[in-house]
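What follows is a set of structures to go through.
Two complexes follow with subunit A in common, the first pairing it with subunit B and the second with subunit C.
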Partner chain A sequence: MAKNNHKKMKNKRFWNQFFTYVYLIFMTVIIIYPLLITVTSAFKSGNLISFDLSFEGELTLNNFRRLFNDTLYGTWYMNTLMVAVVAMFIQVTIITLAGYAYSRYRFIGRKSSLKFFIVVQMVPTIAALTAFYVMALLVGGLDTHGFLIFLYVGGAIPMNTWLMKGYFDTVPIDLDESAKLDGAGHLRTFAQIVLPLMRPMIAVQALWAFMTPFGEFMLARFILRSPEKYTVAIGLQQFINDPRQQRVTLFAAGAILIAVPISILFFYLQKNFVSGLTSGGTKG
Partner chain B sequence: MESTAATKSKESYSKQERIKIRNTTLMSIIPGGGQFYNRQVPKGILFLLIFILFLYQLYATGLNSISGLITLGTTPGEDHSLFLLIEGVLQLLYIFLFLAFYVIQLYDANRVAKIKAISPSKVNHSIKDILFNVYENGFPYLLTVPAYILMLFAIIFPVLVTFLLIFTNYDFNHIPPATLIEWTGLDTFTTMFSINTYRETFTSVFIWTIIWTLSATTLQIALGIFTAMVMNQPFIKFKRIFGVILLLPWAVPAFITILTFSNMFNPSAGAINTQVIPFINSVIPFLKIPALSWKTNPFWTKVALIGIQGWLGYPYIYVLTTSILQSIPNEWYEAASIDGANTIQKFNSITFPHILAVAAPIFITQYTNNFNNFTMIYLFNEGGPGSVGNNAGSTDILISWVYKLTTGQSPQYNVSSAITFIISAVVIVVSLVIFSRANAFEMED
Partner chain C sequence: MAEIKLEHIHKRYENAEDYAVTDFNLDVQDNEFIVFVGPSGCGKSTTLRMIAGLEEITEGDLYIDEDVVNDVAPKDRDIAMVFQNYALYPHMTVYDNMAFGLKLRKMPKSEIKERVQKAAEMLGLTDLLDRKPAALSGGQRQRVALGRAVVRSPKVFLMDEPLSNLDAKLRVHMRTEIAKLHEELETTMIYVTHDQTEAMTLADRIVIMEAGVIQQVGTPFEVYNSPDNAFVASFIGSPAMNLHEVTYSQGRITGQGIDLLVSEPSRKVLDEKGYEGKTVIFGIRPEDIHSEQIALDTTPETVVETTITVAELTGAESILYIDVGGTEMVAVVDARDFHQAGEKMEVAFNMNKAHFFDVETEEVIRKKPIEEVVETTL
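Moving on to the complex of A and B:
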């Protein structure tokens, strides 16, 4: 009886392991297949109208050359970098200051404005598309990177102030209090005691802010009208959208040059991001 | 902004003191008056200046802006109704800010007078003292001001303008400055719900939006939780490699993968029909799946959209669930095993409730994100194929329909604003109800 039970257990364990690996391999194939298609297409010669996975034909770097010589890809990349860096600096400065205030001070309107942040970040950006358009017309912001940065930063503030406050909450308040007992003022406590401890978190926030313009599509498409102002996301869409042009390989090459650095940044940041989210989500 | 400890309860002031405090407050009916009386001259000058500036602004341009907001222009070709609208709303914001300032300075005069009644030496008179006082007690306000200003202009102001546009006739027939826009009250809503084609389009788009939100989000959550539980088993080899691969859909920017999928699902030349389906047919005997009409048949387009969203969205849930699973004590499972619970029972009574308790608010945001997942719908097939009327394609969700109504050939700004308003209301109400049930609003202090 006991032996039979043991055998049953072993059998069950075998099938469990078997299905586990089948599932994981299945997922691997589904995930890798489209990505591998993009990667291999980037090195294929010829003008294709659509992707598939094949390893025939010689590999070439021609697509990358064409990308920089015959298209505006280089300009788009520089545009995106510029928007990303400026937006990152402004955003991180503002949310760090505000997050610190929300974490350390009890002031009039604190609680209600925190709730307000949660509500405001639920309003989809598109809710104000028409208004953005009219505002841009009024201040001459249409087709400018400045206006796009303004929209990126403004839209990111509620959610990220909220997250930043959560991060500041993890720095023990005893540190500030003892610094204040030693006679340090507001600014010194903030700049010399708390801020250095927050450096890793600020770096994470900065990198996330930096990555946004590389993947954002809707606002960029709406604000930027002339091709030499495009960011990479809208630029690349032009390559694949028009099947008659047969520029799929160019799309693939351009996509790789974005996806590789962004994915590396992602894996570098991912742990911090998730821990911040769970603590922000449960604790407030 | 002296500390409140310096004031005392109402009864403890003498009658004379009380009259004096009241008079000081009354003097601030003209801003700065009370402050002068309290002998805070620099503060008084500043407040008076703000007051004069406000009056001057109101006289110079403000009143015009307000009347512009009311009429939205009188001369076609000359008055730009939209600019008038925006300037009018800005003026309303100024007035609101001024009123806030007005109340604060009344309050300030009153409070300083109270302090003065008890200990006159505690009242700051010089600029230096006042500046120091602002820094000392107003520090958190100074820190948050930039965030507020930016939000005011990038979120609140545009939302306000959009809201007002609902009550106008701003559409392709009324494009300023050539034509004037007029206030039309609730006509937009009336049109939307009384004209049959609009009602049909709205209903059809709305139903698909709900189906899309529920099925795509549930798929990504289920896939994420399942994958996390599979990966949480101790015996798995190459855990790190699988871990990285499973996260790839999240790591690669979504627009790249969506555009790639969009190409792969091309019904005539795409890889799914030319490579994947033939491969499946050759591996599994007796299975003959024909080439499917992705992107040209609404049903198959919807299937593809939901599947791709599952692919894109599950890693986030997977990572989240993994960290939650690690926080469940092993003893709970052991105790359950002793009681004779099987795997499914353990999942239902231990794992799933625990995951929900921690991650419910995040799951909700996943639903609301997909409700508004413009990128996915628009990049995969631009809301197509076909049309369900009024610019909307058969896979358009509300938000991508709004985008088309705003950017298309014959824009309907008022209708798109109205739909946006409905979308935002739905999302906010649903989230608020669930958030407050999950006590996500509870704060530590």
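Moving on to the complex of A and C:
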């Protein structure tokens, strides 16, 4: 009897592991396959007309050279970097301050504005495009990076303020009170006591804000009209949207380069992605 | 070094109908150790937080020394507070935790170092100064929290249930530490707890609160021996005082199976106050119900036959739940007499130590002011 049970358990463990590995392999393929296509395409010579996974032909860096010499890719890249950095700083500053205020202070309209944020969040960006257009016309924001940054930051505020508030709520208010009694004012309490404990969330927010302009297509396409103002997302799309002149290799090369600044930022912020920063401060 | 005066302090939270604290009046002397004690939600923490400046005072005046400080920011009140859950800054070392308040006061570095070292020595934290709070045990964290308050040498020390997160043994140890600390620092301290043992052992004076109202202010001796009302009587002392409604008539109390002769002084007061034939609350502490032969012999008129329903041995003493004519009472007797459940036992009530309370107001029925009562009991 006991022996039988033991066998059953062993069997069960085998199948558990089997399915775990099948699942992992499946997911790995899904993730790696398109990446592999892009990476190999970037180093292929000539103009491919479609993506496929093949390792024939010689490998070359020509595509990268062409990107910077024959196209506006360099300009687009700098545009995107500029938009990303500015949007990141503005967005993180606003939502951190707002999140702190919502978490720590009680003021008129606090609850209703938080609810309003959720409602606003339900409206998809595309539904607001007309409104954005009117706004852009009114303030002369069409074809400017400033207005694009404005839309990126504005769109990110509601959801991320919620997230920030939630994270601030996990920092015990006793720490604020303790700092107050120690002689710290509002700003110092915020900057020296609470903010250091928010590092993981701020790092995540910064990364998200930075990544958005590199991948976002719809708003950029809608606001930016002249090619020298493009961001990489809409710039690269130019290479593959003409059915007669598909420049897949160029597209792939440009796409890969996007990973560079994001990876750098990720590795730079990585040390902040730690949990349990508030542990030890309080109990119960 | 400061005196604190609370005058008609009221607190009502926003959106709340009732006051959390009602008409709180108290004079705290310089260097006094005051303990607020009461059940959860009685307003003791709220009062402490009002003194700290963390809660607004709805009505009334709060004085520190000669100044009204109602609208003074916490940081300018020169008060230090130890929180129930320590509230250490998790990203700072023990040293920085203690130095933070001093740095904000623009103290020179050398003096900060000196003060922190001294406090660390006093609290046994010298080897831990470079550690972060996460790497400390509960007791050590609590000591850091104390140290953070000590280094500032504030006018007033506030403590909000500082020991309630520690295990029993450590709690007793830290209790003595805090008592020592008070001796050394000679600072006014206000301490909040729901633990009456802490209150009794630490306090110069105890403030007993319930439902936002002060029930009694007095030395531990006073509140134990002359409770002002039935609530204080039942709250202070463990096991709690036996309280039963009885009828007073012809110098005896009867009812609920109790039939006892009231002592001469009490009889006088009850007669004078016109309680003849009326219902009163009779209170007697468990330790004033005796089972020793000598007690039975001295006061044979108060001896009652009882049955033990439960016997709890605590070591030196036994807590006996006894059936007195159908009423359950608690008695604390010498454990060496060895009693068991089910046993029949004769007990003598020490009626000189009996307390009587009005049924309606639950106020004590007492003629003399409290000081005289204390004197006669002594």
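Just so we're on the same page, the second predicted complex is superposed on the first by the 226 of 284 C-alpha atoms of A that agree within 3 Å, B and C clash if a C-alpha of one lies under 4 Å from a C-alpha of the other, contacts with A are read in each partner's own complex, and residues count from 1 in each chain.
Simple rule for what comes next: a contact is a pair of C-beta atoms (placed from the backbone, for glycine too) under 8 Å apart; a residue touches a chain by one contact, two chains touch by 3 or more.
Remember, it's a predicted structure, so these values are computed and weren't measured experimentally.
When the shared chain is aligned, subunit B comes close enough to touch A:150, but subunit C does not. Touching more residues of subunit A than its counterpart among subunit B and subunit C is B. In the superposed model, A:61 lies in contact with neither subunit B nor subunit C.
In the superposition on chain A, contact of A:27 is made with subunit B only, not with subunit C. Contacts of A:266 after superposition on the shared chain: subunit B is touched, whereas subunit C is not.
In the superposition on chain A, subunit A positions 106, 185, 277-278, 281-284 are in contact with subunit B in one complex as well as with subunit C in the other. In the complex of the two chains, the subunit C residues touching subunit A come out as 14, 52-54, 73-75, 79-81, 83-91, 100-101, 104-105, 132-136, 138, 141, 148, 152, 165. Per the touch definition, subunit A reaches subunit C in the complex via residues 106, 172, 174-175, 177-185, 188, 193, 196-197, 276-284.
Within the complex formed with subunit B, the subunit A residues making contact are 16-17, 20, 23-24, 27-28, 30-35, 37-38, 49-53, 93-95, 97-98, 100-102, 104-107, 110-111, 113-115, 118-120, 122-124, 126-135, 137-138, 150-151, 153-155, 157-158, 161, 169, 185-186, 211, 214-215, 217-218, 222, 233, 236-237, 240, 243, 248, 251, 255, 258-259, 262-263, 266-267, 270, 274-275, 277-278, 281-284. Contact residues of subunit B toward subunit A in the complex are 82-83, 85-86, 135-136, 139-141, 143-144, 146-147, 150-151, 153-162, 165, 170, 227, 230-231, 233, 235-236, 242, 244-257, 259-264, 266, 269-271, 274-276, 311, 319-320, 323-324, 358-359, 361-362, 368, 372, 374-375, 378-379, 399, 402-403, 406-407, 413, 416-417, 420-421, 423-424, 427-428, 431-432, 435, 440-445.
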